[in-house]
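The structure under discussion appears below in the form of structure tokens.
Letters A, B, C and D mark the chains as written, and numbering starts fresh at 1 in each.
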Amino acid sequence: MDHPVLHVRDLHVQFVTDTGTVNAVNGVNLQVKRGSTVGIVGESGSGKSTTMMAVMRLLSTGARIGGQVDFLGENLLSLSKKQMRKIRGHRISMIFQNPSTYLNPTKTIGKQMIEPLLYHHLASPAEARRRAVQLLGDIGISNPEKRFDNYPFEFSGGMLQRMMIGMALLSRPHLLIADEPTTALDVTVQAEILWLLKKLQQETGMAMVLVTHDLAVAAQVCDEIYVMYGGEMVEHLPSEMLLKSQAHPYLQGLIQSIPKLSGEKGRLPYIPGQPLGASANRPTGCIFADRCAYRFERCAERPPLLQLGERHEVACWKAGAEVSV
Amino acid sequence: MTDGAPRANPVPLAELKRMTKRFRSSGQEVVACRDINLQITKGESLGIVGESGSGKSTLIRILQLLIPPTEGQVYFEGTDLTRLSARRLRTFRKKIQFVAQDPYGSLFPNLTIGQNIAEPLEIHGVGDRRSRRELAAELMETVGLSLYNFHSFPHELSGGQQQRVAIARALALYPQMIVLDEAVSSLDVSIQAQILNLLQGLKEERELTYVFVSHNLAVIRLMCEQTAVMYLGRIVEQGETERLFTAPSHPYTRALISAIPAFTEDGVTPLGKSVQFVTGVSGSKQGGQGCAYHPRCPFATSRCREETPELRTLESAHQVACHYAETMADSVLQ
Amino acid sequence: MLKYVVRRVLYMVIAFLAVSLVTYFLMKAAPGSFLAFNQFLGGITAASINLGVTQQLMQELVKEYHLNSPWYVQWWSYVWNFLSLHMGASFEYPNTPTLSLIRQTFPISVGLALMSITVATVLSIIAGVVAAVRENTWVDRGTMLVAILGTAIPAYVIAVFLMLVFGVWLHWLPVLGFKGIQYYVLPVLSLALPMIGSMGRYMRNSLMETLHSEYIVTVYAKGGSLKNVVFGHGLRNSLLPLITVVGPQLASLMMGTVFIENMFGIPGMAHLFTTAASMRDYPLIMDSTLLYALVIMGMNLIVDLVYGFLDPRIRKTGYAG
Amino acid sequence: MALKMEELEDRQTRTYQILSQRRSTFALRWFRFRKNRLAVVGLVLVVLLVVAAVFAPIVAPYSYTKPNFLETFKGPSARHWFGTDSLGRDVFSRVIWALRSACIVGFGAEAVELTVGLMIGALAGYLGGLVDNILMRIVDIVYAFPSFLFSIILVMLLGHNIWAILIAVSATSWVGMARVVRGQVMRLKQSGFIESARSMGAGNWRIIRRYLLPNSMGPVLVAVTFGIPANMMTEAGLSVVGLGIEPPTPDLGQMIIDGQQAMFSYPYLMWTPALLFAITLISFTFVGDGMRDAFDMKGKR
């Protein structure tokens, strides 16, 4: 039973705009095992959110998606629109960055919360309400019966995100995709939400994908981490290896450039240059080469994901060579 | 430089004395800052941490007298800024500069990069057109911007470059102090490191003093010698950064440190351990009896509910507003 | 909420008094004004002969409108007469009280306006929804081009083309007079088309903005269909801002009736007003201006209240942000 | 100075090639405007119509007043493009002259509205508080006026000349402009760069002049482009109800209404001025639409 819940193979996403074609995601591979938590980490424009939006097929009509997205043995990209609708909010749920803009301001919390159950005919309205109220209580919202009829503006950001999580889990999905779930929240609330997510994930046994720009958050919550740069996957490693055994020069630079809470403090080392924007012209070789200190001739050729160890892959000639030799 | 020697000039660079700020919004009074005493010594950058709504934005705006305090005084180099006329205040504005959170929003969208950087010089009538342009170009090099961008508009630059422009603009008048409001939090990690590195360098070169608001404790630790923790309009703990982070004496500081994910030398801080947040009792409750933090504090006693703790000095200028600060400091942070 | 209504009504009273004052002083300043009227009492002017006012009636008018008293008495008597529905004789129709003139004409104008706004609202919602759902297809572009044309062309020019096509060339509908339901068709269409233009466009943009907002992504992520999105979330939220443009639309609708009633020869209130204006019939001008002001303000208040009731943020917190 | 100005100038000349590739703000707006094809068509038409109106004495082939009783009610022909009216006057010439009055009122009244609206809106928005409250109450009151009736009363008082009409048209419509400006100023006042300007020590006047007004120009310009045809509509509308410019000066509204008298026998007298007027108004609206695109005011697409 080592079938991954989600297996993304060679995913490509292009946006066709007035000013030209934007290659947002270029050949991403990714596996999410049953009951595991996978983090997708990257800076803005790295394509991490686009990847997951492509998996959910929630991108605008201008997006061209290529590759294969296997979910429980079914290729989501080959499903009809109607079949895909049956998966969304039922088998795969998604929560987003800013709960206050991702909820309809003029509909009550409760009405919005039970929608997944109603859309998929999983419960009658009365039954849905009962289950939603109970879940609201379980995830730490006091007086859920009354809170059910509140409007989003009457909730704090942290409470809204709790409610969003509750809404996502109401239909007992196999996979939860959390796209920067704590970025818009206050620092102290962030811990609460992450803790709740982790707890619920363990209780329900569902798989979870956490998209975040914060390496520390990913390290805290996830089992495995995928690092994206310029629309490509540059490294995949277990999270306990993140700080000590990273192999890609980009990830090494990134880890070094993060200020630490203990240890020496001096001038901060950093990666020179700008991150590769999605609309920029892509080099034919390694996408990180022009910012990389270890660049050599071979980097003119694009490196594939090289296996370094168990659950450890890197897209770098130098790092790959050190191991394979 | 001279370690251990008594300071010759005891006048602090900036000082807040018994400062209180109240706002009136839709008939209700909100106390944004309550009875704040704060000293900033030259060369000792100050970090301010706290949740949103803790009053840190208000505090730094009052420090620059962008908004007037309701009560109390604001001193800069010994002069009470609250008593100055608008004209005399202008000359002090040269010495304090501001870098805001959103670099794009803080730049003048209708002016070029060069004009943006020269703007403070023009406002204060420093030099002529030519010399202002020269200085602007020089500052662009200082902050690591290409002169190619001299005639660009802010919207053509990336976020990191925009923040460099904002920093260059803040440097134009050779200020003594720069107030940075979450100046790196909207930037990507690799860009954030570039800007922090730049700020570190400038601090050394130009003997700047920063007032650094951030929710990123590791950034504060890197940039600031002193740190103040704010909760609901009060400073609840203040002292040397290193000491405050290794031995926090206020339960709120401890909660903050454990709540914010960060890397340490050899790993990552554990998720939410030792945090007992009570949902629903968030920061909105104000006034009333006792310690403002007691509804969320796991160590609260009946004394905490009745008696408001004053900010008091522990050893070596470390100040805490907690009745049980000594016991807090003794128990090692997990 | 109650506080808000009270404050709004208070503003309305102030605005109403201001309108009456300004109108009063404008008329006083006019050549051939009350003052000239007073002079007429001593002698005879050409204007008075045209008006066919007898000496005796004149004195009644002086008494009724306090023409010999200070200005504030005159002004107040106007306002008071209006408010207490004691609108007296007009100069032009000395034997008919203004009130009965208004009573005859006002319902016709209101009926015309109501029909037009109903037609316009229904059609613009349909057009807006169709265009927004079929965003950037020829359906969208075509609908919106028609909408732009509707907004750009005033009611009286639209009326010209409607008259030409349906009256002169096709002989389908009557173009003058007012004797039955078929006489309503062209006037209502002339009034409704400009409104459909601006409201339909507004509806489309507002619905499209809603459809592109982040909470719609959530609805899709929950497994909602386009139908769920439009009818469960989008329509309601985009109708809300549509309500706010109904107020200004009413004002321009009122302007439209002035032309339309004149062009189609409809004996409505606006027609009455323009006749009064060209005849310098001050009491009638004053009364109808006040009535129009009251209607505009009243409609704006109703629109705001409806909006406040439909938006939970305002309904629950009580203030309009 | 470590860096000499010559050096900077030198570098600048070297960077001009790069700079010329970069889109300036204006170029970007022009690019967005041009993408709206109808807007470009509208702009061309507006320029043509305005030029025709300005040079009416040259453009109009005949006198607009002189009757020619030998050639009454002649339909459109090569000699008289739009035909002749009951007095044998050339309709095309009259239409061109009428366009001139429409333009004077359209642009003139808009200038008045812009001046008043900018002053009141900027003052109310920037100062806020009591000043804002008082000014906005005044605006509310003017807003409650039945504006067209008010224009009618004003024309009645001031006479049927073009200046009276100009005042009558702008008397209440400045309110819209004031609201637009106020909204912009209020929005920008919250923005980071105004706070920056304050922290640098910029005075109120400088803030308004250098940062607030230039950055609020987009919506104001759009409002102006939509305001001009609206003024023309009101102006012609006054003629429709018999309160426009005094004959024999031609006026589009008057011509349409006169044409209506003879619509069964000589329909061209009605539709030629109506069509030209419609085209004028539509052109302005298309331009306004393009301006909206140029200033990206439709929100995200």
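Structure notes:
Assume a residue touches a chain if its C-beta (ideal position, glycine included) is under 8 Å from a C-beta of that chain, and two chains touch if they have at least 3 such contacts.
Quantities reported herein were computed from a predicted structural model and do not represent experimental measurements.
The set of chains touching chain C and also touching chain D is empty.
Common neighbours of chain A and chain C: there are none. Simply put, of A-B and B-D, more C-beta pairs touch at A-B. A simple rule picks the central chain: find each chain's mean C-alpha point, then take the one closest to the mean of all protein C-alpha atoms, which gives D. Centroids built from CA atoms put chain B at 32 Å from chain A. With centres set at the average Cα position, the gap from chain B to chain D is 49 Å.
For this pair, chain A with chain D, the centres built from the Cα atoms lie 51 Å apart. Averaged C-alpha coordinates give centres for chain B and chain C that are 56 Å from one another. If the chains shown are joined wherever they touch, the resulting network closes on itself as one ring, and no chain has more or fewer than two partners. Under the touch rule stated earlier, the contacting chain pairs are A-B, A-C, B-D, C-D. On the chain C side of its complex with chain A, the touching residues are 213-215, 217-225, 228, 232-233, 236-237, 240, 310-313, 316-317. For chain D in complex with chain B, the touching residues are 1-5, 8, 11-12, 15, 18-19, 22, 24-25, 191-193, 195-202, 206, 210-211, 214-215.
In the complex of the two chains, the chain B residues touching chain D come out as 64, 66, 89-90, 93-94, 96-98, 100-102, 104-110, 119-120, 123-124, 130-131, 133-135, 137-138, 141, 147-148, 150-153, 156, 166, 169.
Within the complex formed with chain D, the residues of chain C that make contact are 11-12, 14-16, 18-19, 22-23, 26-27, 29-31, 145, 148-149, 151-154, 156-157, 160-161, 163-164, 167-168, 175, 205, 209, 212, 251, 254-255, 258-259, 262-263, 273-274, 277-278, 280, 285, 288-289, 292-293, 296-297, 300.
Partner chain A is touched in their complex by these residues of chain B: 51-52, 158, 160, 188-194, 196-197, 200-201, 215-219, 221-222, 245-246, 255-272, 275, 277, 279-280, 282.
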